[in-house]
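As written, the chains take the letters A, B, C and D, and residue 1 is the first residue of each chain.
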Amino acid sequence: MKRLFLHPAAVLLAALLAWQIVALVKTTPLFPGPLDVAGALWDDGPRLIREIGHTLRRAVAGFALAALTMIPLGLAMGRIRALGFVGEPLVAMLATLPPPATVPVVMLFAGTGDLAKILVIAYAAAIPLVINAAEAARNLHPMLGLVGRSLGLTRLETLRLIALPSALPMLAVAARMAASAALLVSITSEMLLSTNGIGNYLQREQENFRLDAGLAGIVLISVVGLILNRLIAASERRWLGWHYQSRTAETQA
Amino acid sequence: MTALLEAGGLAKVFPGRPDPVEILRDISFAVAPEEFVSIVGPSGCGKTTLLMCLAGLLPPSSGWVRFRGQPVTDPPRGVSVVFQDYSRSLLPWKSARENVTLGMRRLGLGRAAARDRAEALLAEVGLAGFEGHFPWQLSGGMQQRVAIARALAAESALLLLDEPLAAVDAQTRADLQDLLRGLARKFRQACLLVTHDVDEAVYMADRVLVLSRRPTRILREVPLALGAERDQIDTRERPDYLAARHEILTLIRAARPEGAGA
Amino acid sequence: MTALLRPVLALGLLAALWQAVVWAAVVPERYFPPIATVVQAGMSMIARGQMQQALFDTGSRAILGAIAVNLIGIGLGLAATGAPSLRRILDTVAAILQPVPPAAVVPMAVFALGLGWKLYAFVVVLVTIWPPYLATVSALAATNPVLLSVGRMAGFGPVAMLWHIRLPAAMPEILAGVRYATTIALIAVIVSEMITGRDGIGFLLFQKAFAIRIPEVFALMFAVGLLGSAMGLAVSAVYRGFAGWHLAQRGRAA
Amino acid sequence: MSTLKLTRRRLGASVTAAVLAAILALPAQAEELKKVRFAYLLSDTLLSVFRAKDQGYFAAAGLDVDLIPVQGGPAVIAALASGEADIGYAAPVPPLNARAQGVPVKLFLTLGHEADPDRKYVWLVASKASGVSSLADVKGKKIAINGNGTGCELAWRDHLAAAGLSYDDAEVVVLPFPQQEAALEQGTIDVGCAIQPFYASISANPEIGAKVIARGLLADEKEPVISDSVIGTDAWLSENEDTAKAFAHAVVKARDELLANRALVEEAAVTYLDLTPELAKTLDYSVLKPEVDVKPGEVQRILDALVKAGILKTPLKAADVSIDLKL
């Protein structure tokens, strides 16, 4: 009984019910209830799907750009002392700059089109990737480095064959953070300068005081984020099975 | 003489995919007070699992374990374990002294008394002067000495030793073997030593249990009468030592998974 | 000493990179001014007392917010570890809220919460609470099983186990979450100030942009970087206090 | 011993009295000045409000005006709707839009009117490089607005419609005012929507070679059109009409002083808006109409334009969305 009562779905349902009741009492368009939101979701459905397509396309592009450049850079920072010495505080400093604040600067170089947004997204995704890649490379067990040397691997081969795979679990964590950052910033950048995308939709509906539609957009973002998260978790299980299995094996031993 | 530790019909099956994995099957034996028993078996035969069941750290699938006549469900007072993976069994955020004090929690000593006792024990295992060091500042052999001191700290009647010397060099290993035996005798403790090293099993023990391969059973019990005092050179040359060693090695070779040479 | 040297070095490098971009003349200097002009703008803001005041306002909000939210996040993580049903609920809430950008929620939050400290607190909590919470939950769940066995042999109950074994072992990972959260707490405060602030760096960024004082906007951005670095150093000090063993252990291993 | 006790008791009594006096004094002071929370977005037309506060004109009128800066017109409405502010300042479009969506706010003052030919607050400016020289050339070009549901959107829609084009013929980019100049210079956008002080800055930029293709909120401004608005919630306005009037009088007083003395305007722009003295020189601080109360006819013109532009879906009546204070 208690179990059922505390089930997340039950809690969620209760929250929705409470929300609907408050909305019914308040009777102002500034406090739409779940039914209003569902209505807006239904009305704007096709448009929302189209808009989120733009958002995802740019998020994926920005994420890919960041992953391709920042993982090697981070690993190098972790392995090459001098590079880490200067690189790390630089990254730490850049990390405190909110991605939205970089928009005006990026705009100067890349305009207001897709490229600008993708660059801002890549910047946001880059931070966790480069930090974790450096950390993972530094935490590489000294034994593994020695193994590489004893096998006569070059520095690059050690990086590729030993450092990269052993850094994977930590990179997976970073990828998860970077992916949600990419989605987040993709939407934010659309709110700041865009002609399409779910962020633009949100901005427009909120500025026109259609709060139910705004919330519908947020619900959609939530769902997409959730699906993305599950997809990443599933691929982690698929590709990093060895890591989790060795963990469970330890627990059983 | 009443047994200190008794196991009856002990079995352990892990739920696995696709099929459950049967590790232990019907293991029964007893350890008397102050007795030193070694357990050897082919690699991967579930020695560690057996020890965890005996220590109350892992519930058996069936069968029972009794310590001083009481059923073991949780780690009982009076039993200490020296874990195989010493580098990970020490708390890295605590000094050697604090790690040893951890073993005394059940004794209810005051802070100062616990501290004194921990330092005495560390001196006993040859670590005087290293009390304030952190585990990662010590060599492998020294870390294992800290772990041994921690197990001794509980003043237990029974010490469960899980391949405690597997990862130290030969000289350290010989030293620690003598140290362990000496301390066990000094503190009148019973010991159950799990090892894959037949020489070590015979050299240390009053009795050796030889395990089969998985699902593990006890193949044979080999009693020894090598005397209370052991010597790394003399004991290892005694005919009864060599005979026991030969018998056990033969059994284990036959029990190897490949069955090579059988 | 090196702890201070490194950010300074990084700042120098950043300035050099900046100046290189200026010299490359990709963008008119008017919009991307030389580093000397930015420094000058920053100095003049210091002379007018604007910079210090803004740094103090934003910094105190961010630090206070970061401390509060990290404590709440770790507390929730501990509670969720103790009560699996709470954890399921919190994880669901986290999964729902995490993908939503604060910028999307803030306009609506203003309707519900107004413009005062409640809005600030809401934005900071919304974006900052999950890293320490998730780090705490995952780190506590992943304690090395050997250490757990050691604790059980020492006769630890659940509370003692948490206090003596699981929490210390989890500290490095928790503090990594804290570090991340502290950075984004600063970002959250600045974003809130940009939307509805009457003081602080966020407001000043907005005001300076309106007054077309571009070098001062960039000087403020550099100031944000410095403030963030300072907060990072503070977290590092906390890290050394609570998980210094981990750093030392790693230092030896590396 | 007893003297000590006595002293202590006396001390306690006097402290209690002091605390009580302080507590009693607090509401007394609050009663003296009526608290008015004013949410605004930065604009040069607000110099009068800043000055009225600084010079103590509000206090003299019995008001304690709290100035709350907010980013964007919709945020001003949000501040009012949430009860966080009593009155607010924005372009007329956001409050009217909000009213249409059921948010109970009304216009009750305006600080600026536009009219043909010269008095304008909004400019649509093309860069030379874009090749755009008239509204007709905008088709397929990138045009900027500072936000949805703003004066800029109305201006674009109305001017394009007057030129026989539709809003969708151009590619609309949302870009805050401060970013538009660089975007024009670099060719990121073809035509911007500017207000002061950005318009002055853009006009003075030789790299852009600015070409004004349209001016004013509406294409037809033979009759004066309100270009901004001071708004309040229905609830606040129904109970505080006198306060609203007192506020208006204080603002007018400050504004008259500014209008009479150019040096004062530039000084205020530097002080309150943080403009550089050079930029402050470019400021045009003149008014078309000395009155600040809103007339139904003026509001109706905007309302009709909003419906025509498609921003408002249903027609609204001026009487429902504004109050004429008849100052």
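Following the convention adopted for this analysis, a residue touches a chain if its C-beta (ideal position, glycine included) is under 8 Å from a C-beta of that chain, and two chains touch if they have at least 3 such contacts.
Remember, predicted model here, so these are calculated numbers, not experimental data.
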Farthest-lying chain, centroid of Cα atoms versus that of chain D:
B
Of all the chains, which has the CA centre nearest the overall CA centre?
C
Interchain centroid distance [CA atoms averaged], chain A/chain D, Å:
38
Give, as an integer number of Å, the spacing between the C-alpha centres of chain B and chain A.
48
Dist(centroid_CA(chain B), centroid_CA(chain D)) in Å evaluates to 81
Find every residue in chain B that makes contact with two or more other chains and list them.
52
Send over the residues of chain C in touch with two or more other chains.
27, 31, 107, 111-112, 144, 146, 209, 253
Which residues belonging to chain A are in contact with no fewer than two other chains?
30, 104, 108, 206-207, 253
Within the complex, which stretch of chain D touches chain A?
72-74, 77, 81, 94, 97-98, 100-103, 142, 147-150, 171-176, 178-179, 182-183, 186, 188-189, 311
Within their complex, state which residues of chain A touch chain C.
2-3, 6-8, 11-12, 30-31, 85-86, 88-90, 92-98, 100-101, 104-105, 108-109, 128, 138-139, 141-142, 177, 180, 183-185, 187-188, 191, 199, 202, 206-207, 211, 214-215, 217-218, 221-222, 224-226, 228-229, 247, 250-251, 253
Going by the contact rule set out above, which residues of chain C touch chain D in the complex?
27-28, 30-31, 107, 110-116, 194-198, 203, 206-213
What residues of chain A sit close enough to touch chain D in their complex?
28-30, 104, 107-108, 111-113, 192-195, 200, 203-204, 206-210
Contact footprint of chain C on chain B as seen in their complex
52, 55-57, 74-75, 77, 79-81, 83, 85, 88-89, 91-93, 102-103, 105-106, 134, 136-137, 154
